[in-house]
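Here is the structure we will look at.
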Amino acid sequence: MSITSFLKSTLTALALVTGGSLFAQGTPINAAAFDALVAQGPVASADAIAASTWASKIKQAGTLRLGGTQTSNLFSLLNEKDNRLRGFDAGLAQLITRYILGDAAKFQFTQVTSSTREQVLINDQVDMVLATYSITPARAEKISFAGPYYTSQAGVLVKANNKTIQSYNDLAGKKAATQAGSTGPAILAQFAPKAIVQEFQTHQEALDALRQGRVDAYVTDHTLLLNALSLGSGDAKLAGAPFGAQDPYGIGLPKGSDGVAFINAFLKQLQADGTWAKLWTISIGQRTGNTDVPTPPALP
Amino acid sequence: MDEVARLLTDYGPAFGQALFLTWKLTLVSFVPGFVLGVVVTVLRLFPLPPLRWALTLYVEVFRNIPGVALLIFIVFALPDLNVLIDYEHSVILTLALICSAFTADYLRTGINTVAGGQIEAALSLGMRPLRVIVSVVLPQALRAVVQPMTSLLIALMLSTSLASQVPLPGRELTALVSKIATDSAAGMAAFALAAAMYVVTGLLIGWAGAALEKKLRILR
Amino acid sequence: MSRPLEEILFGSPSPRARAITRVVSGIAAAALLALVAAAAMRFHEAGQLEARFWNFFAWPTTWAFLAKGLLGTLASAAMAAVIALTLGLVLMVGRLARPRLVRWPSIALIEFLRGTPTLLLIYACFLVLPSIGVKLSTYWMLTLPIGLSTAAVVAEVYRAGVLAVPRGQTSAARSLGLTEAQVFFLVVFPQALRYIVPALVAQLVIVVKDTTFGYVVTYGELMQNARVLIANYHSLVPVYLVVAALYCLVNYAISRASQRLGRPMH
């Protein structure tokens, strides 16, 4: 076929000219350190599990049904070569899996998006959802949250050559992307009510929309934006400092589940023995050039 | 029943707009898709191997590609090739391309029903091949495929539900049901109402198509 | 028609016509090549031909990963096809039954399932059914609506085939003393099947296409694995192109398989 032969010769030519692929896709996660950290997490005693119906059910089933994402660079990314999920959210999920089942790999993964996160818990398709899931009162009516395990303010991302938007104050009349079902729409309604909002199902789609010029700005959690910058393509920048209330990320659980108390106790343990800080450093800190570990949020 | 009443008071206008958007997307995609399909069919008749080969590839690709895959490609991948199409036009383009491929297919079958004697007679009258195709073959072929084209139009109307997968400025019926079901408890009523609207629209198109076919049918 | 249209219109050309055809063919070929070259140039200008966007396709792990996704697609499609073919038969029998109490609900059910978009039915299984207590597994949330929706279309295809079987067959079978059921299943239906196999296979292709809605109910299939590759390598255009080509190939193969079976209705 003429197309493939043309492409092949063009590829070869380009490879010769550019000296092969030198592009750095941000700093990849230190896989060895991540795998080691998750493998030496604590395992719960039989009593602790028996005290929680949620945990006992999982133990009996032999596998934890996890709702998360596979396409979030800092928080949970699937490496299709070794089939391992790595990131901050992924690490927490695997530590919880190991805590209950003794093996961090015994989870069954389901990809969720902003609009399916609550429904999969209501439908009993998953046991818990760990997917940069902000705790809001509206959501807390349908499901229960454990945590918070992380907090982040909102930020505004624009293209590097954008001179008109310096902060969220300049978004009036501009097209702003945000994730559907996240706190983004509410934040935009409060801080930039005159912006034209476009909602996307995933973080990746919103980033692509900004890169492709469909929107002028992307408003979402500051950490996710640092993620975008860490990919180092150099054509985006933050407009202004993080703003708004501290957005707490929680772990979604079925409504009224006693897994909340169970996981909160475990999260306290992770904060106390430094695992939280180590996980943050490996998955976020080292990849965004940040060395000050933030203090983990206070647990109820 | 009062759930339906409540639904209508809360979302009545939204349903009206959604139905209108569904009809609009259907019509605006069908017309260019149909015309394109006719053009492709006619061009495929000419004895030019490269053209036939390319158009056969076109028809096979757009007959077999899933609508979602094509829409996602147009909306998310084309901008990386510096082709930025806004959402509504992306949906219309997707539907029109797929419609054109199926039209080309059905019309080809319709052309096969035209008797060979017609062509030979037209040629012996001194008509050029293109004139024969346009004046003798196509009118009869089109009249023969009213029924499959009606089915295609109904399928196209149902396919407008694809539009719920991109952030359109307006909401069509499926997107509206999805929103109501997520935000409130009136999901069942919303689903029933939207299903009724789709079914009725389909039946109307079907009846119109049957009436048209009866008028245009060539009795042999 | 005895000879294809093209042969009548353009067959046995004069030497001059042959020469003109050759020239115009050449021009057409050149125009197509120019189109392809322009597309390639567009790729190149947009930076889409860089090695980093394509080199992972040389790794077997990439293809194994895509194959896993395809398996998810086919697992759902196969079961949905089974549901469609069997339930379609039931619906058709109900549709053709003599008692009104059986016929009218069948007609209503067929029109309802045929007249609503499959995506709407999928949303109903995912969002609406759980609110009345019906909680299906992820796999069934995708497979069941596709199966039901296709069953209605299959029922109509079966009916068209049955109605196309010559009435003489039914009369002859009855006169031999066969029961109604035997007449249908031993004489009419096998003949109807031979007419409608292409139409049935066309429905199979539609079933495969419908599985791309899997992400709506969080079912993992080929499109989802494509997104993971994109998140890892930031290669939107190549990955989507390859995945679209995979879908086209699978569906084309299914359609071609049907051309070896069945004969047209007239």
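In this document, chain identifiers A, B and C correspond to the written order of the chains, with residue numbering beginning at 1 in each.
The criterion applied here is as follows: a residue touches a chain if its C-beta (ideal position, glycine included) is under 8 Å from a C-beta of that chain, and two chains touch if they have at least 3 such contacts.
Predicted, not measured: the structure shown is a model, and the values here were computed from it.
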Specify the contact topology among the chains shown, as one of line, ring, star, complete or other. complete
Looking only at C-beta pair counts, which chain-chain interface has the most contacts? B-C
Most remote chain, CA-based centroid, reference being chain A: B
Distance from the mean Cα position of chain C to that of chain A, given in whole angstrom: 36
Averaging C-alpha coordinates per chain, one finds the centres of chain A and chain B separated by a number of Å equal to 39
Starting from the mean Cα coordinates of chain B and chain C, work out the distance between those two points in Å. 16
Residue numbers in chain A touching two or more further chains are 119, 208
Can you list every residue of chain C that touches 2 or more other chains, as numbers and ranges? 127, 236
Touching two or more other chains in chain B are residues 76, 80, 178, 182
Note which residues of chain C are touching chain B in the complex, please. 1-6, 8-10, 13, 21, 24-25, 28-29, 32, 42-43, 45-46, 48, 111-112, 114-120, 123-124, 127-128, 131-132, 205, 208-210, 212-213, 223, 236-237, 240-241, 243-244, 247-248, 251-252, 255
Chain B - residues contacting chain C, complex: 45-51, 54, 60-61, 63-70, 72-73, 76-77, 80-82, 111-116, 119-120, 123, 129, 132-133, 137, 154, 158-162, 164, 173-174, 177-178, 181-182, 185, 187-188, 191, 194-195, 198-200, 202-203
Can you list the chain A residues touching chain B in their complex? 115, 118-119, 180, 198-200, 205, 208, 212-214
Once bound in the complex, which stretches of chain C touch chain A? 33, 36-37, 40, 44, 49-52, 54-55, 59, 61-62, 65, 126-127, 130, 135-138, 141, 215-218, 220, 224-225, 227-234, 236
State the interface residues of chain B toward chain A in the complex, per the touch definition above. 76, 79-80, 84, 167, 178, 182
